[in-house]
Amino acid sequence: MTDATLQTADAGRVDFRSPAAQAHLRKRYAVESRFKFYGVAAIAFAAFFIVFLVSDIVTKAIPAFTEHRLSITLTPTAERVAEGGRTDRQTLMAGDWNAVVRDGVGKYFPDVTNRAQRSKLYNELISIGGGDDIRNRVIADPSLLGKPVQAQVLLSDDSDLYFKGMMTERTEREGRGSIGVSGTSGDVSIATNVNDFAQDVARVRSDLQAAARRAQLEINRLKAALETVAPDRRAALQDQINRQIAVATDMDRRAKSVGGTELIGDSTSSVLVKMNGGVIKLTEIGNEKASGTVLIPLKDASEAKPGSWKIINLTTPEGSRKLSDQQIAWLDRMKEEGLVTQAFASRLFFSGDSREPELAGIIGGLTGTALTMLVTLVLCLPIGVLAAIYLEEFAPKNRLTDFIEININNLAAVPSIVFGLLGLAIFLNTFDMPRSSPLVGGLVLALLVLPTIIISSRAALKAVPPSIREAALGLGASKQQAVFQHVLPVAMPGVLTGTIIGMAHALGETAPLLMIGMVAFIIDVPRSVTESATVLPVQIFLWSDLPEPAFQAKTAAAIVILLLFLFVMNGAAIWLRRRFERRW
Amino acid sequence: MNVLSQTEFSGPTMGIGMADGESAVTARGVDVYYGDKHAIKNLSVDIPAKAVTAFIGPSGCGKSTFLRCVNRMNDTIPICRVTGDIKLDGRDIYDPTLDVVQLRAQVGMVFQKPNPFPKSIFDNVAYGPKIHGLTSNKTELAELVEKSLRRASLWEEVKDRLDASGTGLSGGQQQRLCIARAIAVSPDVILMDEPCSALDPIATAKIEELIDELRQNYTIIIVTHSMQQAARVSQKTAFFHLGTLVEEGPTKTIFTNPHDKRTQDYITGRFG
Amino acid sequence: MNQHIVSAYDSEIKSLQKKVVEMGGIAEKMLSDVLEAIEKRDVNLAQQIILIDARLDGLQREIDEQAIHTIARRQPMAVDLREIFVVSQIAGDIERVGDLVKNIGKRIIAMEGHFPPKTLLSGLRNMNLLALGQFKAVLDAYIQKDVSAAMNVWSNDGGIDRLYNSLFRELLTYMMEDPRNITFCTHLLFSAKNIERVGDHATNIAERIYYVVTGGMLTVSRPRGEDGADMAAVETNT
């Protein structure tokens, strides 16, 4: 059509000033600018997702790089840690260092005496590795035994999350009226002269309203299920529905009530009152008065003046978080005492895996990855490059080499899990190599990467201008001399780039390693290629599966480190290419 | 009226710089096949020693193919087959007992595109002597490199930067470096495959000047598409067409009064 | 001969050849006109001949310039090189022929009033006809690139030389008979020498044709008639 419009009376000649020609020209430019726009849009689209992905991961990972500790004076006594007065390393290692920590922390909580309370305080708030620091100090210098030592005590993952604000939203406000209390411990009742608790009552009621709505949704879901369930289970389900209806109705009624008092339970946000050096958890609340349980004993039962007492709101209901109001009160207390410090979490980099999130680190996975990559590199670089050189430079071009070439190309496209199965069948079952070891992992990954390296090396060799071969051959160099002294050095940047891209591919590979057992939970850092190990991507895979919320941040942090590892490898590829590139 | 005799010039004894009229390379009944393609048909030619012989002819006429037979570069092409007799100083170069590495040390080659190794200027020249073990110590090697660079008229230009990359030189310097590299192994014959086709006229003139100097010590065979160049640098010219040697003779005869009509047509620009 | 791949090259050479042939035609006309001028004692015709020679000089300059340009641009080889080189030389030959004929014209003007008797002119007339014939033949041979025709011209030059020798003797006799004849006899003698030289130029052109076509130089010396200037030689040769 455009051709037809361009036809003018003078056949074969176009008047470029005619409207038709102008329109044609405009159309051409329009097509071009449209194409450019599509290109820019595609790049912007991809860039957006990359930025989104990276920022999401980095944001999630940031908390994992810091940890909270107690900076506290501990006194390691001989009876706790030095059995029979021996101060040798072995005895000290076996000492009850957590008891030392308990002794130290216990000074701040003299009223916590019963067994259940002590367990909640010492076992749940303080990490199981809390005594590591004082232990290491004393082992390094046994003369510290019996003396007060300033030491770092690692808090548990939940305490850490609370201080990072990831456990619950916490607000604190000063009381406006004077407040009176009925006692210093146990269940007490309190009253103020203004309606200090009015907004807390409103909040409790709106929480009840929300809970009632959730219950109603659950009822609807169950009613729908009633239609499809087997007849014999129908009665039980109907019972459940009836109970839910009763609960929902009750909550709805309470939410809509006006004045009076309201009970605070598991599904409503907590309200704590801090006065006279103690903390009271409110259980029933009205606008001016409330009753509750003392969490930390008050110094006295005198009336507190406006502004000298505080109301603390914890938004997340007690039933929906891992730490109880009591534990939070203790943590707040520690913070007030100035014991809590935040520091860089070096454990993330320097310790092995652990079931305790605050103790878990990636050094095991990182070492495993390094050893596996070493095995892979040592195997596939020489084999791949030599195979490529032989196929490209020496092998006769016939059906057999064509067949080999096609198969190498096909092998590059085989799903990686197949290589895992192959490794399982050959290396583990036939050759009886050590399971979960970097050696087998490296062998499997070498198989995976070999086709990539051969293909890219061949391409690099093919790209070397034939004139350089001729120059060497023309001087009387043998073919082998020409290839190794002239062609290969010129092809080296391409070969290295291919190898490193292949290695980067192997670095992120998980599936084949699962097949050969590198998915085990291994605490120790592997010291040789035959020891059991795991690798970084598998470590990430394992952590992502764990229930502790602290592991989410750890997972993200490990991903960031893996990405950095990849960037470093790709950077090395670029650097090597620049370094070896020769001007031609 | 015997004013002009063609027979007077035939035979191997032509060439201005050739006192004894000795032939360095003699070919008799050479046939070259690339697979099914008959690239050179029953070619016989004598290359005079210590003189420049130019091969001219249209593309695909077999002149480069024959050139590459002389140092057996065609061996690198699997489908290439050579029959007939090519003798270098009386020795059959296709004799199975002859080592191709030695042959190539004796017959140097300079290519169409300057192809220095991506190494230093020194290493470029030193490479041949190194692989053939021509020198026993570093001083000797350095002397040989200097001598070769001087012979290639490149020494003065590069003596201060022997460690610089050979690929950083200009095109003409690169080609002279390639010539220096070739003469470093003291060949008897230097083959040049269109050595100036990638160079500007000034660089070309320098190479031609160099070829003229080298003629005193080396037998040079040059393939060129520039008839003017063939006329300028060579003493003997051979015209190839469709795989056959149409005419050979003293350059001055070929370019003023060629015998064969095809030669006439080619050199006067009447082909096609 | 095939066409050149570059057709402009062909037209340049053709244009050169055309100009040489044009020069040849002009010289030929001058040669026949000069005979008429002598026989009819026509001073005006002689005047015209002198004027027309300028045209030959101009053409020769054009040919030389064009030949230089073609050499510079095309770098001619082999047959083309010979052709262009020879075109320039032939142009020079024809220009010389023109000069010689012009010289005869000048002598005709100089002889005004003292013309020799018609009987004396027959020898000159024969020489002129022979030279004209040689000149025509060699121009035809050039156009045809006919080596054998050129060789004919080359070997026939002896006839002119012989005629010149006999005319020389005849004029000598006249001059000895009556000193008053010396003036016009000398003019006639120089005219005859000029015509003899025209014949020499024709043989030069024949040699150049041979070179263009065969690429060889004629190295053997030309069969000569008796040298008119050397009486001793005349005696021995006859």
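In order of appearance the chains are A, B and C, and numbering begins at 1 in each one.
In the analysis below, a residue touches a chain if its C-beta (ideal position, glycine included) is under 8 Å from a C-beta of that chain, and two chains touch if they have at least 3 such contacts.
Just so you know, these numbers come straight off a predicted model, no measurement behind them.
Compared with chain B, the chain whose C-alpha mean position is the greatest distance off is A.
Nearest to the common centre of all protein CA atoms is the CA centroid of chain B.
More C-beta pairs touch across the A-B interface than across any other pair of chains. Centroids of chain A and chain C (each the mean of its C-alpha atoms) stand 111 Å apart.
Centroids of chain B and chain C (each the mean of its C-alpha atoms) stand 51 Å apart. Note: centroid distance chain A to chain B, computed from Cα atoms, is 70 Å.
In the complex of the two chains, the chain B residues touching chain A come out as 71, 73, 76, 78, 101-105, 108-109, 111, 113, 115-118, 127-128, 131-132, 165, 167-168, 178, 181-182, 185.
Of all residues in chain A, those touching chain B in their complex are 396-397, 465, 467-479, 481, 485-486, 489-490, 582-584.
If you check the complex, the residues on chain C that touch chain B are 1-6, 9, 74-82, 210, 214-220. Listing the residues of chain B that touch chain C in their complex gives 1, 3-4, 227-228, 231, 255-258, 263-265, 267-272.
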